Each structure stands twice: as structure tokens, then as C-alpha cells.
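Take a look at these structures.
Next come two complexes built around subunit A: one with subunit B, the other with subunit C.
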Partner chain A sequence: MGKNLKVGAIMISILAVIVFIGPLIAPYDPYQVNMSVKLQGVSASHIMGTDQLGRDLFSRLIYATGTSVKISLIVVIVSMIIGFVFGSIAAFIGGAVDEFLMRIIDVFMAFPTKIFTIAIAGILGASAINITIALIITSWASYARMVRGCVLTAKELPFIDASIALGANRGYTIIRHVLPSVFQPLSTFAFQRIAHTMMAIVGLSFIGLGVQPPTPELGAMINESKNFMTTAPHLFIFPGLLISYVVFSFNILDDSLRDYWDPRIKSELVL
Partner chain B sequence: MSCLIEANQLSKVFKDKESTVFKKKEIIAVDNVSLTINRGESVGIVGESGCGKSMLGKMLVGLTLPTKGSVNYDGKIISRLPFNEIKKLRSKLQPIFQDADSTLNPKLTVKKLLEEPFVINKISKGDANQRIDELLSYVNLGKELYGRYPHEISGGQRQRLGLARALSLNPDFIVADEPAASLDSSVQAQILQLLNRMKLNSGLGLVYVSHNLKIVSMMTEKVNVMYLGSFVETGDTKDVFENPMHPYTKMLIGSVLTIDGDKRKLGKAKVFGEPPDPKNRASGCTFHPRCDCCSQICKEERPILKKVGNKNRFVACHNM
Partner chain C sequence: MNLKLKKILCFSMTALMMVGFVGCSNVGASTKTAQTELKIAYGKDTGAVSEKGNGDMLLTIFAGERLVEVVDGEVVPSIAESWEVKDAENCISFKIKKGLKFSDGTDLTAKEVKLKFDRNIALKSFQWTELDRIDKIEIPDDNTINFYYKDGMDGYVALAGFAEYGNTIVGSNSFQTPGDPTTPMVEFIGSGPWKVEEYVKDQYTTFVPNENYIGEAVKLEKVTVNMIKDDEARVLAIQAGDVDAIVDYYHGGSAYTPRNLLSTLKEEGFQILKQEMPMTTVLAFNYTNNEAWKNIKLRQAMNYAINKDEIAGLFDGWISPANDAYFSDCSPFTTALGKQSYKYDPEKAKSLLAECGLEGFSPKMLVNSENIDEVKMAELLQSMLKESGINLQLDVMDATKFAEAKKGADWDVYSYYIGGPERRIYSRNEGRFDKSTPEFGASGCYTSESIVTAVQSAVDPFDENERKKGFKEFYAAIDAEAACVPLYYDAVFVVANEGVKGIEFVGTEPVFDNVTYKK
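For the complex of A and B:
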């Protein structure tokens, strides 16, 4: 394994622990209000301090990371599936079907993410589900376009011909040769998009269009903290650091996985 | 000798990308070519780059369907069979590809690549392994390569791996498209001897598609000279190389460099002109802009293959 891959894997493992095991070890209920300890700094009983309502920041951060990461994973996985289906149908069938599907994709590509999400929030109301839907609608088209491109390239590769010459049927060449060549760029792309989506969710929640308080969410928490910026800076420093951590760990993993999955580069890495 | 592959008036036409609704442009890659290959016979196809040799080879093994004409194998017209039917015959008709690198999936190991033909044709593991051992000794590759990826072995090894894959299903007919292009002379000789042995022992029909005249003259009994999609001269190899008749054949054979430099075989025939552009074909005889004995009829009328002499020799030229 390359050095980056190790770092990325460790960082993602820590993140997974926070998201999945964190709620079990969180010292307090993230919704429990206790006005007697509001806006406290770092202490032994509250290791990251408390917010304006006296809720334990550490517990809230654990839940908040879970919310953000889960939404971005759902968005990425669902758009990947939709994009994969659309893209491969377009590429395999080709002709008029391809042309038709690509025009639909063009329409979706033309939606500006932020404005579209604002519109969805305006029509359906701001909530975690609506932001998920809005992000899926604005992002699946780029997956579809990418898959289509990969399939079209892979379909014409000489080793597909070689395989057909040996008596393979289309199903075999698709499963054995075409899809593996699509899988790798698609998953790298998806990994890259996790960080992007994460930033979008945090950003939209920050401006109040995404996850609504009191549900803990990193962007929403930073938004809530803005009134106490000078008196209680830990309220935005910790969520901010956590956002950077999550985005960085997905990015570094994406980068190193791309190298790892390509056997041509793999041999050059220090294993 | 029975007839193995028979190609009747094959043509392959591509639509040019520049063509519009109003003006149809076509690229004629292969134009009205007929050819027969018998069991245990090897036939050469020679010509310049881009003259349609490889496309013809692909049509002969059924990888590309001809626009017009038909290919018969074993009494079946393979160019008109549905995909599933051709599939059953594929193992008997094998191409050896020009570019071995790109015909090997870079994500599979050498072992997986060698097993692929057997997996596709559902042959049991035991039989497959036995056959793979046999093949590896044929093409002189060792088992230590098993775990490597195609980019980790040398070009010659890749070429031999491609050959092993083509031979693995005991084909009846092989189209070898530049089979020895990236090999050094000693390995080249091994590969060619191997193909020759298979031809003699198991009655394999072979087509050598090559611009390497040396190999073709050594390995084949019959040769077809191709120019811009169609044959300009066909005949027995020895005959054609000793006494080329068509001006293009003369030019081609004259261009072969010999080891003692100046003494080219037919020093008089000089190569001139550019390789032709299939989009802008010359009228009449397609070769006339480059021909040194071109007359008025050459510019107007297209010559057809005519029998010349009493041997099995056909030439498409007005000046015979």
C-alpha cells in the first residue's frame, strides 16, 4: 500500500468509528438542554465545551458528522446508480436512444446546484430529505455522462474484439471487460464527489436551507455559533475542523485509490 | 486440398464523418475482393499501410461484417449468420492481432488471460491447464509470468501470449496480422516455424497480412498484392516475387532493402508518389497517378483481374 493510501484508510476508519460507533459512546444526549452550563469552554465534564443552550458539543459533533456523512453517502450512491443505469443504457443501445437520453442529461446538467436547491427548499420546505432529493437531481447527470463516456471507450477497445474472436458473447465481454473498465473511474469519481457533496450539504445547512436545527449537522452548528463568535469560539472551531477533516480524508483516499486500482501505476508505488 | 475459406466479392464501405445529407461521402476500405484459402495452405496479403489489409483479415474471421459479398467457411456463409451462430464457429477462426498490447486487457494477469479462451468456451479446468502447459512450451513462455500484468512483460512476450491465446482452441484458420512485427529475428523465426508446423501437421489455413515482404515470401504459397482496397496482382508467391508484373508490385518488391544496400532486387522500379487517400480515389485505375507506364485508358477505365500466362496468375492492369 502507498503511504497516502495508508493515511487515507486510517483517516476514513476513524471517521467510520465516529459515525457508526460514536453515538454509543457519546457522553450526553445531543438534544438535552441544560441552561445552567451554557457556553462553557473546554472542561473535564464537557471535553469540547457546551453551546448556547448548554448542550454537550462533543456529543452533538458526533451526531452532526453522522448526519452530514450519511446524507452525502446517500446522495452519491443514489446518483451513482441512476447515472450508471442511464449512462450505460445510452452507450450500449446508442443511436436515437443515446441522443434522447443525452439531451435529458444536458437539461439536468444545466441546473445550477445552489439555486435549484434553494428552489426545492422554497417549494417543499427546507429539510434533510428535500436537500437529499435536490442534490441527487442536480448531480446524477454528471455520473451518467461519465459512465456513458467510459462505456463507449471500453466498448471499442481491441481486447473486446479479441475476446469476441475467442467466442465470447456480448454478456461476457460486458461483465468481464467493459464493466471493470467503467467501475474504476466511476468509483474514483464517486469518492471525489463525496467530499463535494459534503461541502454542498454543509454549505446549504449553513445558510439555513438544509438540515434544520435542533438536528445536529455541521453546517447548521456553525450557523448557530455565529452569534457567539467572540465569546465562545470553540463553537465554530470544532465543527470547522471536523469538516476539513472529513473532506480531506475523502480526498486523500480518492487520490490514492485511483493509483491503487490501476495496475500500471500500482507496480511503481512503494508497496 | 479442400477449400477452407472462400471470400466472394467482399466490400467494406464506411460512411465518412464529413458526409452530410446532401453530399454523401464514402470511404471504400475493401473493394470487391475474392479469395480462397485451402486447408494446409498459407496465403499472403501485402500492400502499403492503409490499403485495407487488416480490414480484409477481420472480415475473413467474421469479426467485421462485409458491406457486400460473403465469406464461406465449411459450407456456411459466416458473414450472414446471426451473432449466436457465428459465435460457435469463432473458435475455429482465429485472428492474431497486429497490436498485441491493446488486445490484452491491462487489468488481467497473464494467467487469467491464458485461461480466458477456456472460460469462454466452458472447458474444464483440468483440460485447460494441460493445454495451457502445452501452449506455453509452444510459444516458449515460462510459468513465472503467471502473476504479471501485460505491461510488466516485454513486447515479444506479449506477442507470444497473444499467439498462445489464438492457438489455444485448435483453430482451423488463422489470420495473422503482422504476427512478428514487434519480435526480434530469433523469436520471429520461432513463431513463424510454429505456425508453419501447425499448418503442415493439422492442415491449418493461414493468411499472413503483412507489409514485411520477406516474411511473406518465405512463409506463403500464394500471395495477393493489395492496392487501395482491391487486389492488383495475385499468384504463386515464388512466381510473383521473381517476376512481378503489375507496376505496383514491381515498386513494392523493388523497395525491399537488401543487406548489401545498393543491390535492390529490381533496382529500376523506383518508389514515387504518396500512399493514396481512400477518400479521393483516382478515376480509372486507382494506381495511375503513381504509375510510370500510365496511358489514356488507365485514367478512364478501371482494369479488372485478368489471367496472365498459363500459371495461376492474375493481374489488374491495362498494359499486360
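For the complex of A and C:
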């Protein structure tokens, strides 16, 4: 296992602890208002200070990370499933069905993703559910195109022909032989998309189209902090650092996994 | 290089640096230069050109006048020097001052005054004016205009309605077809101290002195009002030096400097001018959509469950908590009206909820995400109400969806305001609490027969003492019925550079006629 992969795995493990166990260790209720301690700086009782309503920033960050990461994972997993289904169907059936599905995918991919997402989120209204839907709508096509390519390549491989020649049906062949060969590039692509999706969520929340108050979310927290940049800089420094950490974690893991799974690089690493 | 040459070189370099430092320093820059222009950031378009509208408040105050004005709760002369109510309150007659002119030099007579009312009646622009009750308008001579009412005028509130912004008098050349007020207004030609020099929709309006104004001449040569819609962008504009002042939209409730930025601006050296207004931000109940609100105990519980001091604390004390009467002392006849019956008492709120059988009550609050003050206040209310066992659900949405939801009555509570700018205090109170008024619509407060009777007795009588008595009854009635939760007394703010002097407030409206500016 490469050094980068180890670092990435450790960083992601820490993130997983924050997301899944964090709420249990958060010192305060992230929604608990206490106006007597509003906009306090870093202290022993509030290790990252408090916000405009006197809420503990550390506790809110723990929950906010969970919100952003969970939405990212949902978007990536659902998009991956939709993309896989459509990509596989297009590749296997081929012909008119392939043409039809590919043109639909072309339509989705023709729009600038960010603008398309903003437009959908704007139409649906600002909320966590709507932002998830908007991101899925704009994401699935790239998965589908990638899966189609992988399946088309896998279809031509000799062991697929061998499987069919031995009497295996199409469904069995897909699940037993094609899926594993698609899994590796698809999961690398998905890891890469997590950081990308995370940034999209943060961005949309920052401009008010994402997660709505009082739910803590990293982009929304930075948005709220912009009026206090000079008087309470901790309000944007900590969420900003956390966003960098999360994105860096997924990016480093994505790079390391790609290297790990790439046979050429892997052999170089071994050598 | 010999030593002498080195010494000369060092001396020359030092001298050069000294000259440079003096040039860059503030020494000698303490003398400020008088400016001839003031740049203002404002959150609305002035609407100086409009197909069906009458122009924004700021425009009508800068460049316009009305038949009458409302100051300290009293109707006072303006274009009209006097008025008389006659024919058993079926007619009101105004005497127009002689010698008035519009900014284009044309005469301002009763004929021109009539044009504006013809326009508003033709375009059904009645809001807060009582013009819908007018049967006919007559001009017996150049200086007299008579308004006849269908079923009698609605008392003092109707007279005060002539001071409404929409009733600002403009010249006949303001209209696309001169003299035809039903055609679009293509130029704002008023009779105020300023006149519009240039207008670019949604961008800026420049005002210059109106040389035909009969009052005291303004001091600056030019005021440019830049339309900057975003609240925070206006703040950035003054911080960057792009504008010299920010003026709140003094109708209140929108397009104002965020209250939580005022302290920062003050620390940065800007002047913060505050004028409290007879407007109170309240938490209103949607009793038309939810029968539960008809239970007075629930309304009282909401009143007991909210700590108004904390709300004022959220805004760094720039606004005052509505702890006393329903309106601040600047409202007509408010002083000595007594206190509200409800003080913060979460235990009392809990017991009232239990009496109603509404433990775990979960009302839905509509929140406009574009108003950051409102969002923060909603979060604070949510936390506060939780202590009394009320689970306030926040439905935060953008302005468009917010307006739709509000109209569709898809809410239980939301924050808005009662009262308003001083010239609107009578009509606004009537419109919020009397179902029979056209303004009541979806924005009406909780009301009852006793409140309606009381508000009529406050806004109708021409006699000041009767109105005073009526206001006392009205305040007592809304308090007894716990018609809403008064949260804080609103205020109008002007943020200005240090060198801007002479901004005055007339009523709740900032006036720039005597402003001088040095920087």
C-alpha cells in the first residue's frame, strides 16, 4: 500500500469518525442558542468559539460536516446507480436504444453543470432534498457515459465470449464478469466525484440555494460568517479549514486508489 | 567612489526619501474639501419613469410634494394651505397655495393636482389612500379642488391618505401624452426641493436643485441615488468608498442595512443615524388557516414564550425590544398608554398550552432567506419557543417562493410589521386590523369585532382628543386579544461618511436638503 493511500485512508477514517460518531462527542447541542455568549472567540468552554446566536461552533461543525458529506455520498451513490443502469443498458442492447440513451446523455452533458444545478435548485427551491435532486440530475450522465465505455470494452474481452459460449445467460454474465471489470474505474471516478460534489453543495449553500437554516452546513456557515470577517474571523476560518480537509482527504484517496489499481503504476511501485 | 561623493549621495537619497514621506503622509491633508455631490446607496429603484406607478418613496420625498403631510400624527399643510370637510363629511375641499411651480417651470394649480388623482383612480392605485371611495373630483377654480365621496369620507384616515407617497403631485408634462394621466409617466416633474436630472432604471437617479422650488434652496449641487439591491453589497459599497451614504428603504421591512452590521460600520468610523418609527415588527398568526389560533390562550402563550430583550440583543441593541406598548413612543398618542400585559414567562406559556391541550404544538414559520436578519431572528425564536414546549418549524425559502407561500396562506406564523412610516400610520393600522379595508388581504393581523371598533375609533375622528382616546382603546384591544406578538420597534437608519453633515429626519423620512459634505 502506497504512502499516499495510507495518508488518505487515515484522513478519511478521521472524517468518518467526525461524521458518524461526532454527534455523540459534540460538547453542545448545535441548535442550542445562548445569546449571553454570542460571537465569543476560541476558549476552553468553546474550543472554536461561538456564532452570532451563541451556538458552539465546534458542535455545529461536526454536524455540518455530516450534512455535507452525507449529501455528497447520497448524490454520488444514486448518480452512480442511475448511471450504471443507463450505461449498461446502452452498451449491452446497443443500436437504437444506445443511440437514444446517448443523445439523452448528450443533452444533459451539454449544459454547463454548475449553471444547470443552480437553475434546477432555483426552480425546485432551496432545501437539502432539492439540492440532492439537482445534483443527481446533473451528475448521473457522466457516470452513464463512463459505464457505457467500460462495458463496451469489457464486452469485447475473450472471457465474456467464453462465458456466453459456455451457456451463461446475459444477466449472469453482466453480474459475474462485466460488473467487476466496471467496478474499479467506476469507484475511482466516484471517489473523484465526492470531493467535486462536496464543493458543489458547499457552493450552493453559500449562495443560499442549498441547505437552509438552522441546519448546520459548511457553505451556509461560511455565508453566515461573511458579515463578521473582521470582528469574528473564527466563524469562517474553521469551516474553511474543514472544507479544505474534506476535499483534500477525498482527492488524496482518489489519486492513491487510481495509482493502486492502475497495473502499470502498480508494477512500477513494486519494482 | 570617494567618501565625499558617498556622503553627498547618502544625503541626497535621505532628502529624497523625506520629501517622499511628506508627500505620502496625511500632514497637510487634514483640511477637508467641500464636496458638491453626495452619492447614496439605496435598495430600490426610484421608479422615476413608470407605466402605471407613481415613483418610489425616496423620489417622492426628494422631488415631490403632496397636498398635505403628516407630522407628529397631525395632518399639516403642504401644497394645500387649508382644507375643509363639508356636506356632512361627503366632501373635502382643499385650497391650493398660489404661485407654486413644477420643476419644469409650469404652474401648479388645482388642474394639475387633479391629474394625479385621476391617474390613481383610473389605474386603481388605491393602496393606503381611501381613493376608492371617491365619487367625483371638481375644480371650482385654479386654487380649489373638491373631492366627493360615495358613502361619506372615512374620517381622518382619509384626510391623512392625501399625504400618501402615491399621491405626490406631478406636472402634466410628466406623462407620455401631456395632460393625459392614464398614459405612462415618462418623467418625474414634481415641485419638491430637488428635481430629477437623470434616471437610468435599476441603476441610478441624479437629483439637482429645483430652481422653481418656493422653499429654502438645497445646499448640495447634486445627489446621486445608486440602486444597489443587495443589502450587503450596499455596505461593501460604502466601505469601498463608492458611495457616501446608505439610506434604508424607510417603509421598513426590506432593503435596509442589516442591523448586525451597524456596529461594525460604526467601529469603522461611519456615522449611524437612527430614527425610530411608529412601526413594530410582530409575529403574526394565520388564524384564517389554522383554527388553533382562534384560541386566545394559545396566542397568549406565544406572547409569554418570547423574550424580546434577546431579540434586541441579536441586533446589538440597535433596535428596541417591544416590551412596553405595541408601538414605540414616536407613534401618535403612545406615551402614557401603559404596558403590555405579557412579559417573558416560559412557564406561564407552558401552562397555557397545557390548558389548550396543545402540548408539542408545532407551528410553521415562513422565513425569507434573503433577509438575513429575519433568518437569524427565526432561529432565535425557534430556540426560545422550544423552552416553552413549542416546536417552531422553520420553512426558509427565497423571496419569490416566500411571497407565493404567504399569499397562499401556507403558514402558521411569520414576522411582519404593524404601523409604518409616519404618514401611513392611520391607514396602516386600519389596513392591518380592519377586515373591511382593501389592504387587509393576506396581510391582516388577528382581529376581532372589538379590535375593529377600536381601530376605527383611533383613525376616524377629526378631533385630536377623540383620536387619542381611540388609540388608547385600540392598543388595549390588541393587547387584550393578544392579536400578535410585538417583537421590536423598528427604526430607519442612515449610514454616512464622517464628513456628511445636516441629514435630518422629518417624521421617519431622511431629508438631505441641508446636507453639506466635506472629505
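One rule holds for everything that comes next: the second predicted complex is superposed on the first by the 242 of 271 C-alpha atoms of A that agree within 3 Å, B and C clash if a C-alpha of one lies under 4 Å from a C-alpha of the other, contacts with A are read in each partner's own complex, and residues count from 1 in each chain.
The working rule: contacts are C-beta pairs under 8 Å (C-beta built on N, C-alpha and C of every residue); 3 or more make two chains touch, one makes a residue touch a chain.
This is a predicted model, so every value here is computed, not measured.
Trainee: Is A:Phe159 contacted by the first partner subunit B, the second partner subunit C, both or neither?
Mentor: The first partner, subunit B, only.
Trainee: Give one of first, second, both or neither to describe whether A:Gly125 is in contact with subunit B, with subunit C, with both, or with none.
Mentor: In the superposed model, A:Gly125 contacts subunit C only, not subunit B.
Trainee: Taking the superposition on A as described, I'd like to know which of subunit B and subunit C A:Gln212 touches: first, second, both or neither.
Mentor: So A:Gln212 only meets subunit C here.
Trainee: Applying the touch criterion given at the start, work out whether A:Phe20 contacts subunit B, subunit C, both or neither, answering first, second, both or neither.
Mentor: Neither subunit B nor subunit C is touched by A:Phe20.
Trainee: Would you sort A:Asn169 into first (subunit B), second (subunit C), both or neither based on which partner it touches?
Mentor: first
Trainee: Under the stated touch criterion, which partner chain does A:Tyr31 make contact with: subunit B (first), subunit C (second), both, or neither?
Mentor: A:Tyr31 sits against subunit C, while subunit B stays out of touch.
Trainee: Quick check on the superposed pair: does A:Phe100 touch subunit B, subunit C, both, or neither? Answer first, second, both or neither.
Mentor: A:Phe100 sits against neither subunit B nor subunit C.
Trainee: What is the shared patch of subunit A, the residues that subunit B and subunit C both contact?
Mentor: none
Trainee: Could you list, by residue number, the parts of subunit B that touch subunit A in their complex?
Mentor: 61, 63, 83-84, 87-88, 90-91, 93-95, 97, 99, 102-107, 116-117, 120-121, 149, 151-152, 162, 165-166, 168-169
Trainee: Could you pull out which subunit C residues touch subunit A in their complex?
Mentor: 232, 258, 260-261, 263-264, 267, 310, 313-314, 367, 369-370, 372, 375-376, 378-380, 382-384, 394, 396-398, 401
Trainee: Quick check on the complex: what are the subunit A residues that touch subunit C?
Mentor: Result: residues 31-33, 35, 38, 52-53, 122, 125-126, 208, 212-214, 224, 226-228, 230-231 of subunit A touch subunit C.
Trainee: Would you mind writing out the residues of subunit A in touch with subunit B in their complex?
Mentor: Result: residues 157-159, 161-170, 172, 176-177, 180-181, 263-264, 267 of subunit A touch subunit B.
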